[in-house]
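Take a look at the structure set out below.
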Amino acid sequence: MEAEVLSKNEELLKRALYRERQARFKAEDILEKKTKELYVVVEHLKKQITDRIEAEKVIKRNQAQMIQSEKMAGLGQLAAGVAHEINNPVGFVTSNLQTLKKYSLSIKKMISEYDSLVSSVQSKDIEKSVSFLTELAKTKEKEDIAYILDDLDNLVKESIDGTNRVKEIVKGLKSFARLDEAEMKEADINEGIESTLKIVWNEIKYKCEVIKKLSPLPMIVCFPGQLNQVFMNLIVNAAQAIQEKGTLTIESFVEKEDIVIRFTDTGSGIKPENLEKLFNPFFTTKAVGKGTGLGLSVSYGIIKKHKGDIFVESQVGVGTTFTIKLPMKGAAL
Amino acid sequence: MKGVIFSIFNEMIEEKFGLELWDRMIEETKPVSKGIYTSAQSYHESELFSYVGLLSKETGISVEDLVRTFGHFTLIKLSKLYPDFLVKDFKEFLKTIDSVIHAEVKKIYPDAGLPSFTYEDPAPNQLVMIYKSPRKLCHLAEGLIAGAAEHYQTKHKLSQTKCMHLNDPHCRFELTIGE
Amino acid sequence: MEAEVLSKNEELLKRALYRERQARFKAEDILEKKTKELYVVVEHLKKQITDRIEAEKVIKRNQAQMIQSEKMAGLGQLAAGVAHEINNPVGFVTSNLQTLKKYSLSIKKMISEYDSLVSSVQSKDIEKSVSFLTELAKTKEKEDIAYILDDLDNLVKESIDGTNRVKEIVKGLKSFARLDEAEMKEADINEGIESTLKIVWNEIKYKCEVIKKLSPLPMIVCFPGQLNQVFMNLIVNAAQAIQEKGTLTIESFVEKEDIVIRFTDTGSGIKPENLEKLFNPFFTTKAVGKGTGLGLSVSYGIIKKHKGDIFVESQVGVGTTFTIKLPMKGAAL
Amino acid sequence: MKGVIFSIFNEMIEEKFGLELWDRMIEETKPVSKGIYTSAQSYHESELFSYVGLLSKETGISVEDLVRTFGHFTLIKLSKLYPDFLVKDFKEFLKTIDSVIHAEVKKIYPDAGLPSFTYEDPAPNQLVMIYKSPRKLCHLAEGLIAGAAEHYQTKHKLSQTKCMHLNDPHCRFELTIGE
């Protein structure tokens, strides 16, 4: 009996030992599996990190290149635009001046003949004087003095107009050069719109009729050059959105505490799914190489820096409106 | 249900009733786990319920009392395994269960099915604990609380004013701490 | 005896069970610790990743800003330079034209008086004709016709010179605008140097005397605008390196298979420790805001793209020489 | 030395000599581990050496032979625990030990002190394994190789031409595989 009991106990203990050992094996097995699994996760995460580090290096490298190409594109655009704008007036002024040079010769010749006449009159030699007249009339005819005298003023006036146009462009450039200014200034937004229009005129004139509805605005403290950059982006974008010919309406007015500037084009419009991404850096719907997609995000940044706001509404096939609101109380930027 | 609970239950049965009963419980309830438990895994709570049911029949003690006793035993065991979680006093400890202890358990066993506790703290010597669990183990919770009270050598009165077994949406323990 | 043996077995089993259970606890404990530890590692790695993602966003944001400010700086510089260059000739051409307008009036008045004389001569009224002479001489005196006739050609010639200068600038701009060109072309490096000098002249003329030693070069296939950008960077850098007044010598010549272009300034020189960092992106010794430090790294990139090389030698207090070597066999870029 | 080796040693002793001897071995050699082994940990190899020394004294079998036998036993056990590592044939398996198996072990137990194997493969039916380990357990390796040969039911001849026990810088096993 005693032996039997003990033997039963032994059986119990053996079973308990078996269970315990199996439990240990299970625990050890789970430990190994989990460790392995976590090893994989950790390796994966580490790889993600090294991948990101690589990607960041690429971003930095690309950054330099992108800056370069943006800068080049901008400079090229400006240089080409200015060259084109100046070329025409300078061309005809030069040509007028060449004509004036010829006219000058003719006039001198004429006057020297007149002076010969004067000499003969002075010597009271009426026969000789009269005979000069034929000569004179011939020269006058030959040199087309009547036309010259008639044309002279036109040429000079036209040339002055030409040089004035160049001067206007120079003024526009100077105003545009204020882009570079690091300091805030009082400025008239309408003036900024006007001078920006002058700069980009060459680029947009074939595609859009520009309708200006600019109400008088109070001066505001701002970075005028930066705002001009925003205007330029919006104007050029509008022109690019127009397929053949269209209208760009630029309005400015005061509304409550804000100056509102609105650019409405009759271009192709923006798809709703793109509308919300519009101000993201590097978002562009333009073909590769046609734009870095920075214009609007930079504009957004500039407007935010001025404590203002920029909105867009658009309907595909109808057009797009960008609205900028700038607080008049210049805000301590 | 976490394996550590089964492991402790095994220990309790061996300690209080002997290896023979534990062996027989496994023999008779035929658990899927075959009675092989490790804290590294979870097991179905029905295995525990079967053991407790059998034990109640053998001992004539009610299931509720057995579960409560087991809760008490479990807390004492756990307090030895994880002394770091035993913060300065009884009430503080109870309040850390949900936000600290269960949060830590989740880090190690993300799939652990833990009960939720929310608290009301109406007075310095009072605490309301609201228990929710699909396992409806409020008696286990009660035993755990009692075990904690013993660990902290703190007197407490507990009245359960709501119970999921009575179709309440949760169980509500109202504790008065101290004499 | 039997009982004793069994009892001993029971003891053995109990000890084995105890060890087994302890081993299980140990395994379970290690599993928990390891899981916890790995949890921390994984969280840490995840945080590293989210931190990097944040940092990348910042880089992208900064990138947009940097591009913006670089572009602005470049545009401002160009616009200001061009405006300044054009302003002067256009100014005096306009002023000359105003003068010509007055001269035209005087000449017309004079000629109309001459014509009165002609009429009286025609009617053979010698007395009347003679009396006109006094009038004529008075007008001639009053309108300073002698001076006008003398000055006329000068004015026109000077004005033509002025418009020609503007035309030259326009030509320079057009050449510079080729910056933007994406295609390779045959180009004369010397021409690129000359047109670049024109563009930056305004910026450097007060500080450096430019000595050109340009030998005739064969045409090479290249991105001419990009090379001009390199020349511009080097010329502007040289001018900036000169404290008050100095010399910039620009040489070009053929050496073996290469075209060599060399820019030597008498500026402040570069410290040896900076010399090796010089071509790194974003390296700059200029004050904050004065330069992004991209110019030389971009130049380096452009020269490398042309399969060429760029070197620098410098001595503090003496000056700096940049040497560019471009293979004549244009290289399949 | 990894706990799994001790755990298998324990099993071997229980299986071949009975629980009594295993218990006595622990009693007499007084290991730091108290004979409590889990694969989750490492233990000092001196514990194994003590057991084997005692076993040799008790049985009159040389330590080398015991270690070899243990290696054989271990491989058969491991082949059941980790069947995935048992690649297509005997030679291939031996060649994966260093680059695959030990690499995997390292992932799970980065601190495991594993021996290094390098190989020469002079002919299709030959393989040279060069064993290096501060533990100098070439007899264990030999037993493991024999165990693997049994698993693959592949005949082999092994001659050890260099041995760290003879002050060589490494042990060199030259195997001829097949009849």
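Order of writing sets the chain letters: A, B, C and D. Residues in each chain are counted from 1.
Note that in this section a residue touches a chain if its C-beta (ideal position, glycine included) is under 8 Å from a C-beta of that chain, and two chains touch if they have at least 3 such contacts.
In this text, all values refer to a predicted model and were calculated from it rather than measured experimentally.
Engineer: Show me the overlap between the contact partners of subunit A and those of subunit C.
Structural biologist: Common neighbours, subunit A/subunit C: B, D.
Engineer: For subunit B, which other chain has the most distant CA centre?
Structural biologist: Most remote chain from subunit B, centroid-wise, comes out as C.
Engineer: Where the centres are mean C-alpha positions, what is the separation of subunit B from subunit D, in Å?
Structural biologist: Centre-to-centre distance between subunit B and subunit D: 45 Å.
Engineer: Could you work out how far the Cα centre of subunit C sits from that of subunit D, in whole Å?
Structural biologist: Spacing between the chain centres: roughly 72 Å.
Engineer: If you average the CA atoms of subunit A and of subunit D, how many Å lie between those two points?
Structural biologist: The answer is 76 Å.
Engineer: Give the residues of subunit C touching no fewer than two other chains, as numbers and ranges.
Structural biologist: Touching at least two other chains: 9, 13, 16, 23-24, 27-28, 30-31, 35.
Engineer: Where does subunit B touch two or more other chains at once, residue-wise?
Structural biologist: Expected reply: 38-40.
Engineer: Hey, which residues of subunit D end up touching subunit C in the complex?
Structural biologist: Interface residues on subunit D, with respect to subunit C: 7, 19-20, 22-23, 26, 34-41.
Engineer: Tell me, which parts of subunit C touch subunit B in their complex?
Structural biologist: 24, 27-28, 31-32, 35-36, 39
Engineer: Can you name the residues of subunit A that touch subunit B in the complex?
Structural biologist: 8-9, 12-13, 15-16, 19, 22-24, 26-27, 30-31
Engineer: Going by the contact rule at the top, pick out the subunit D residues touching subunit A in the complex.
Structural biologist: 4, 38-40, 104, 107-109
Engineer: Using the touch definition from the top, list the residues of subunit A that touch subunit C in their complex.
Structural biologist: So the residues of subunit A in touch with subunit C come to 2-3, 6-7, 9-10, 13-14, 16-17, 20-21, 23-24, 27-28, 30-31, 34-35, 38, 41-42, 45-46, 48-49, 52-53, 55-56, 59-61, 63-68, 70-80, 82-83, 86-87, 90-91, 93-94, 97-98, 100-101, 104, 107-108, 110-111, 114, 117-118, 121-122, 124, 126, 129-130, 132-133, 136, 145, 149, 152-153, 156-157, 159-160, 163-164, 166-167, 169-170, 173-174, 176-182, 225-226, 229, 281-282, 289, 292, 294, 297-298, 301-302.
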